[in-house]
Amino acid sequence: MALLEIKNLQVSFDTAAGRILALNGVSFSLERGEVLALLGESGSGKSVTAAAIMDLITDPPGAINEGTIHFDGTDILPLPQNERRDLCGSRIALIFQDALAALNPVYPVGWQIAETFRIHGRTPAGGINQAVLDLLTAVGIPDPGRRAKQYPHEFSGGMRQRIMIAMAVALEPDIIIADEPTTALDVTIQAQIVDLLDRVRKRSDASMIFITHDLGVVAELADRVAVMYAGRIVETADVVELFEDPRHPYSNGLLASQPRMDSDETELLPIPGSAPNPADLPSGCAFRTRCSRSADICAKTVPALQSMGPGRQVACHFPVVPA
Amino acid sequence: MTETASELLNEREAANGRFAWFLRALRGDPMAVAATIWLLIVVLAIVADVFSLLGEHRISLKARNLPPFDFSQIWTLWLGADALGRPLLVRLIQAASTTIGIALVTVLTSLVGGTLLGVIAGYFGGFIGNVIMRISDIILGFPTLLVALFGLYLFGPSVLNLILVLAITRMPAYIRVARAETLEARERLFVDAARVFGGGSLWILRMHILPSVAPTMLTLASVNLAMVMLFESGLSYLGLGIQPPAVSWGLMVAQGQGYLSTAWWLGFFPGLAVMLTTMSFNLLANWFRIVNDPSQHWRLVSRRR
Amino acid sequence: MSLAYFVRRIIFAALALAALMTSAFILVRLTGDPVNLYLPVDASDAAREAMRVRLGLDRSLLAQFLDWAGDMLRLDFGMSLWHNRPAMDVVLEALPNTLALGAIALTLAFLAAIVAGSIAAVNAGGWIDRGINVLSQAAASVPDFWLGLMGVLLFAVTFRLLPTSGFGGPVYWVLPIACLFARPFGTLVQIVRGSMIEALNATFVRTARAKGARSKRVIFVHALRNALLPAVTVTGDLAAQFAGGGGVVEVVFGFPGIGKLLIDGILKRDFAIVQASIFAVAVVIFIINILVDMLYASIDPRVRVE
Amino acid sequence: MTTISIGRSTKIGLLALSLAASVVIPGHAAAPDALTVVVTDEPKSLDPCDTDLSGNARVLRNNITETLVNLSPKDGSVEPSLATAWEQVDNLTWKFTLREGVTFHDGKAFDAAAVAAALKRAQDPALACEVGLTTLKSLVLTPEIVDAKTLVIRTDIVEPILPNKLAALDIGSPATPADAKSREPIGTGPYKLTAWRPGQSITLTAFDKYWSDKPVIQTATVLWRAESAVRAAMVDTGEAQIAYEIAPQDGTTANDHAFPNAETSLLRIDQEVAPLNDKRVREALNLAIDRDGLIGTIFHAQAQKAMQVVLPSVFGYNPDIPVWTYDPEKARSLLDAARADGVPVDTEIVIYGRIGIYPNSSESLEAIQAMLADAGFNVRLEMLETSPWLKKLLKPWDAGRQPSILQTQIDNTEGDAVFTLPNRFTSDGNTSSIADPKLDTLISDASKATGDERKRLFQDAFKYVAVDAINIVPLFHMVTIARVAPDVNYVPDVQAGNEIKLKTISYR
């Protein structure tokens, strides 16, 4: 039994232009101790997936129409709101992309970390204050006694993300969901944060869903990858397999459009066109308008996610065949 | 999420035309619809009055303080008659053109003046900018009603003075906002780009600064329209605004005050008219703000609320 | 907010006050000669001239100004012609009434607006929200003097529950407070609702929810404090407006506050009263602004460093 | 923290609500010896020498301070008060015998010295007392103390009606400062001032050493409210027992008493400017106004159509001047005749009104404007606040001014035509829009004359103003309405405009 099992998740939003489907039948699972990367362009539904797990879809305008999310054997979607809240923060934690926006500007950071303990009524052995200081030390913030009393705007971007991480791992959750945690940071800081995340995860042996569009980070952290496009998962694979042998044309395109250290190819091949308008998706396979392999059938039927080897699924009528 | 919604919205707008979009957005806000209907009625009534379609209404001391809701009378008397026997409904309509006319001219004056001064202060800064801002601070730092009151005593109550005094007391708010918006716009990349390409100050102001300042200023103006109406009513009520025989809603309330216990309708209906009209302007301003803020658009069209 | 900041602020305020008082001096003297108002119609021209001389109105504007400026520096605002007493005494009698009236009305409006605005924001789009929206828009749009008159008609004349007007025990305060309450309440509800919706959609609120915080905590601990910031600013502006007296409302209820005093002072060309009240109002507004800044800084740590 | 504040605010809100609900005032049952009177304005000074303004006089006159003599409300004759007897010794000398056993509220004895001091004070130009500036104007009175109870007053010119004039002079205690106005009047009257809370109220309490009958009412409170409807309602709600200046539309109940207030409303014609310099045009103005239509609607039903500017009770009133009839046809033909003679009849004429000069003042002018327009006049109405209105009332006027008529009213509480005519209708009068040597002589002769000749000359002068010159559009002898609670025994008389005779009031 997987720790987290998502099946056929459908999430919609009402906008001025009509109802759009942000997630359209997303299914994947996460094993204990596993790091799963959700890979895709912005707007492909990665963050919505995280929001759905954390019960952060604002209704209205958003709504979860179908699907199940099994956590530790229980479908958590039908649970009363307060029970879901109890899971959040204690067993599933979320780290946001922009730590400045994600930290409350009017409270000291130490208070905000301590709040996690207070919300869940946990008092660690040495007391909450000591636990906060320990956490700050653990995520590499110098002089934690002084820094804990400071406000978010008094920290640098990297430091703020460290605080977010401290907050997320405070109760040693089973799953850490990191939603593009490094996107807003300088390149040099990015590596430190990825490193830190890896460290704290391993410390508590948590699972992690790592949402990103950065293939480099995926390669460094992930065990498995799920590639998303226009609200669907188009390919899941072991990280090594995906990098060596992408099957979906979109995964293939993603890899080809980024420089790689392990390849001699110097020419980059960008994917033509841009991400489709979610309110006005092409019929059939959403990727067909940008796909060199598309044929008539692609406009008629949506390709189902089909197993192609162990732990590997692809949704394409004409998958790339390994060379 | 919201960003994507706004992106596609712009495409839609381009496709369907702005007007159709407005109509659709209006449909999503029943209060805005009610406000629009009320304002349309008021405007139609004023137009009818301008073209003398309401008939002639002479002073008739016999019909003095005729009570309202006597539907056996001619329809103009359905809201009763005033202290000189003129149909209250017709008086209300005549007062509407004064009240709304003054509000519109005042807001337009302070909008144009305030935007210009604010943009100048923001774009050029320097000594002149400082002087403009300090003077606005002083005016703004003092209760608007008192400043207006003072001005009207100084220059005497007349329509022109009323407009000037209200426009000047409201102007600093526009100056402040326009300056802040200009400072922001000035720093934006495209202005730099324009500068690199050799655009003169005037060109930059006209092509880049003004268009980016305009939406905020218009929103401010729509809020102010309501505020100015309230101020005008208050001043006329105190006897400093519109003077008889001219008539405005505020003045009608003041005149009706003497009949509070004998003919309540004389003061009640004009006050109600002020409230409904002010409220309509406020509601439309609200709606206008949402229309101009793409992240709020779903409120206007969502079927489930 | 360092000491230097305060000193700078006080210096600027003093300069602004000096400019304000000077312009008030000049403007007040342009509003016309008080002599006709203070002498009976039948008084002879000689008597009129004698009064002008006695009041020093026959001298050049410059001479009058120098005298006046000297008095001003000694905080001497002169005698009120109408009240026949030192103007500042009269003003200081009226000021507490106005401040109490404004403070009560504004505090009630602020608190009620936070409750109503938060409820509306949490239920954004629902019928409760719509109800609060209509109510607050109506409150923000109602002319206060009209509300006062209708209140008198209804509660004093018809039902005889409250006194018609005047000044005295708590019952005399109910209607004026209710009238002054309406507009700030309506305005603040709109603002609280807007900033609350914004705060509820802010990422830090999502963080709080992701941490497992339940709705109450999210709303009251995380969103509300952030949403208060604009409401505090606007309340400060409103307080400054109220410091000048509930203007029209004070007139409607014959409430002996600074607004009525100033309006009467202008009507009666009572220069000393006008100047003393303007001075008092300006000082009060200055203090209110400082208080609002301090309050703001206590709510928003980001302001403190600047 | 914020959670708590919400809870607290809800509580405060509930508290305020319950407060509003619970503090329902159970009627304002007044004590049997307490009375509340509501007037329009707060008194200005309460100095005994400032009793020309009704606001001051109502509180002071015959309540706190008293005068040497009173005028009878019935016929205007002079009655003793603080003086028991008086005689004219010669043309320029009067002798007054003062009442014995009268003391001021501060314990000082009332004597000739006190009267002399009050007289001196009233005439001191530096104090600019209202009494000195109006009633005692252009008259120099020199007091001479014969003994404590005998005072001789010498005049610089012949003053046949000195006692009438002295009815306006309130006598304050010698302790009243001689060089400044007082806010704490000390008199000999039945009441002493106990409190003046500025902006709120004035309280009087009975003076236990009063020289005459002790009043029933022990405590009287004077309040002021600007609105007629509010004042009227206050009597109904029991907040007050007597309310003055009730507007005609409010004054229709059994509790409302109308009394003539010595005021005559009129429009003053600026007859020096064309087309108003043509007598036919001025006559047309008078004929175009439907006075009957205004009575009982905008003006009170008990107002009397006026033909001159004083009431019948005033010495010098001319009963033989006809009241103008309403004849718009004739007005139109007069205008046509004038137009034919080249008079610029179609020039715009301004009506200057004064806001609140009497109840419904702007409505009355709106109605009159419509009537004049119907008769073919080109009239515009301009309502003014008191200060700018005074500029139009008082000379000097602009030479190039527009033709205008001015809303005003003239009061005469002193009972003699000399208080009305000179300043308003002579060449050098500062509110006179007529400069006619013949009228000047007439008025000047009348002022000096006595007895029947004085009466005849004044009657001629009134006739000349109204009929020969047509300088005015007389409107109405006005009434004031007072609302009196049904359980209060008080019928306002002709002097109620200036005096609240508290000592005559009792509960039924």
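Letters A, B, C and D mark the chains in the order given here, with residues in each chain numbered from 1 onward.
We take it that a residue touches a chain if its C-beta (ideal position, glycine included) is under 8 Å from a C-beta of that chain, and two chains touch if they have at least 3 such contacts.
Quick caveat, the model's predicted, so the values are computed rather than measured.
Asker: By the contact definition above, name the pair with the higher C-beta contact count: B-D or A-C.
Answerer: A-C
Asker: Among all chains, which one's averaged Cα position is nearest the averaged Cα position of every protein chain shown?
Answerer: Central by C-alpha mean position: chain C.
Asker: By CA centroid distance, what chain is farthest from chain B?
Answerer: Max centre-to-centre separation from chain B belongs to A.
Asker: Need the CA-centroid distance for the pair chain A / chain B, whole Å please.
Answerer: 49
Asker: Suppose each chain is reduced to the average of its Cα coordinates; what separation in Å results between chain A and chain D?
Answerer: Between these chains, centre-to-centre, one finds 88 Å.
Asker: Whole-Å distance, chain B centre to chain D centre, using C-alpha means?
Answerer: Taking the average C-alpha coordinate of chain B and of chain D, the gap between them is 45 Å.
Asker: What is the distance, in whole Å, between the centres of chain A and chain C, each centre taken as the mean of its C-alpha atoms?
Answerer: 52
Asker: Going by the touch rule set out above, which residues of chain D reach two or more other chains?
Answerer: 227, 229-230, 233, 385, 388
Asker: Specify, in ascending order, the residues of chain C that touch 2 or more different other chains.
Answerer: 31, 125, 152, 157, 225, 251, 267
Asker: Name the residues of chain B that each touch 2 or more other chains.
Answerer: Residues 257, 260-261, 302, 305.
Asker: Mind pulling up the chain D residues that touch chain C in the complex?
Answerer: On the chain D side, the touching residues are 1-3, 6, 9-10, 12-13, 16, 19-20, 23-25, 27-28, 44-45, 47, 52-53, 125-126, 128, 130, 133-134, 137-138, 181, 183, 198-200, 223-227, 229-230, 233-234, 236-237, 239, 385-388, 390-391, 393-394, 423, 430-431.
Asker: If you look only at chain A, which of its residues touch chain C in the complex?
Answerer: Interface residues on chain A, with respect to chain C: 51, 54-56, 58, 60, 81-82, 85-90, 93-94, 96, 98, 101-106, 108, 115-116, 119-120, 151, 153-154, 164, 167.
Asker: Quick check on the complex: what are the chain C residues that touch chain D?
Answerer: 31-32, 36-45, 47, 50-51, 54, 82-85, 90, 93-94, 108, 111-112, 114-115, 118, 152, 156-157, 160-171, 174, 216, 220-221, 224-225, 251, 254, 256, 260-261, 267, 269
Asker: Hey, which residues of chain B end up touching chain C in the complex?
Answerer: Touching chain C: residues 31, 134, 137-138, 141-146, 149-150, 153-154, 226, 230, 233-234, 237-238, 250, 253, 256-257, 260-261, 264, 267-268, 270-271, 274-276, 278-279, 282-283, 286, 299, 302, 305 of chain B.
Asker: State the interface residues of chain C toward chain B in the complex, per the touch definition above.
Answerer: Residues in contact with chain B: 16, 19-20, 27, 30-31, 124-126, 130, 133-134, 137-138, 140-147, 149-150, 152-153, 157, 183, 190, 240-245, 247-248, 251, 259, 262-263, 266-267, 281-282, 285, 289.
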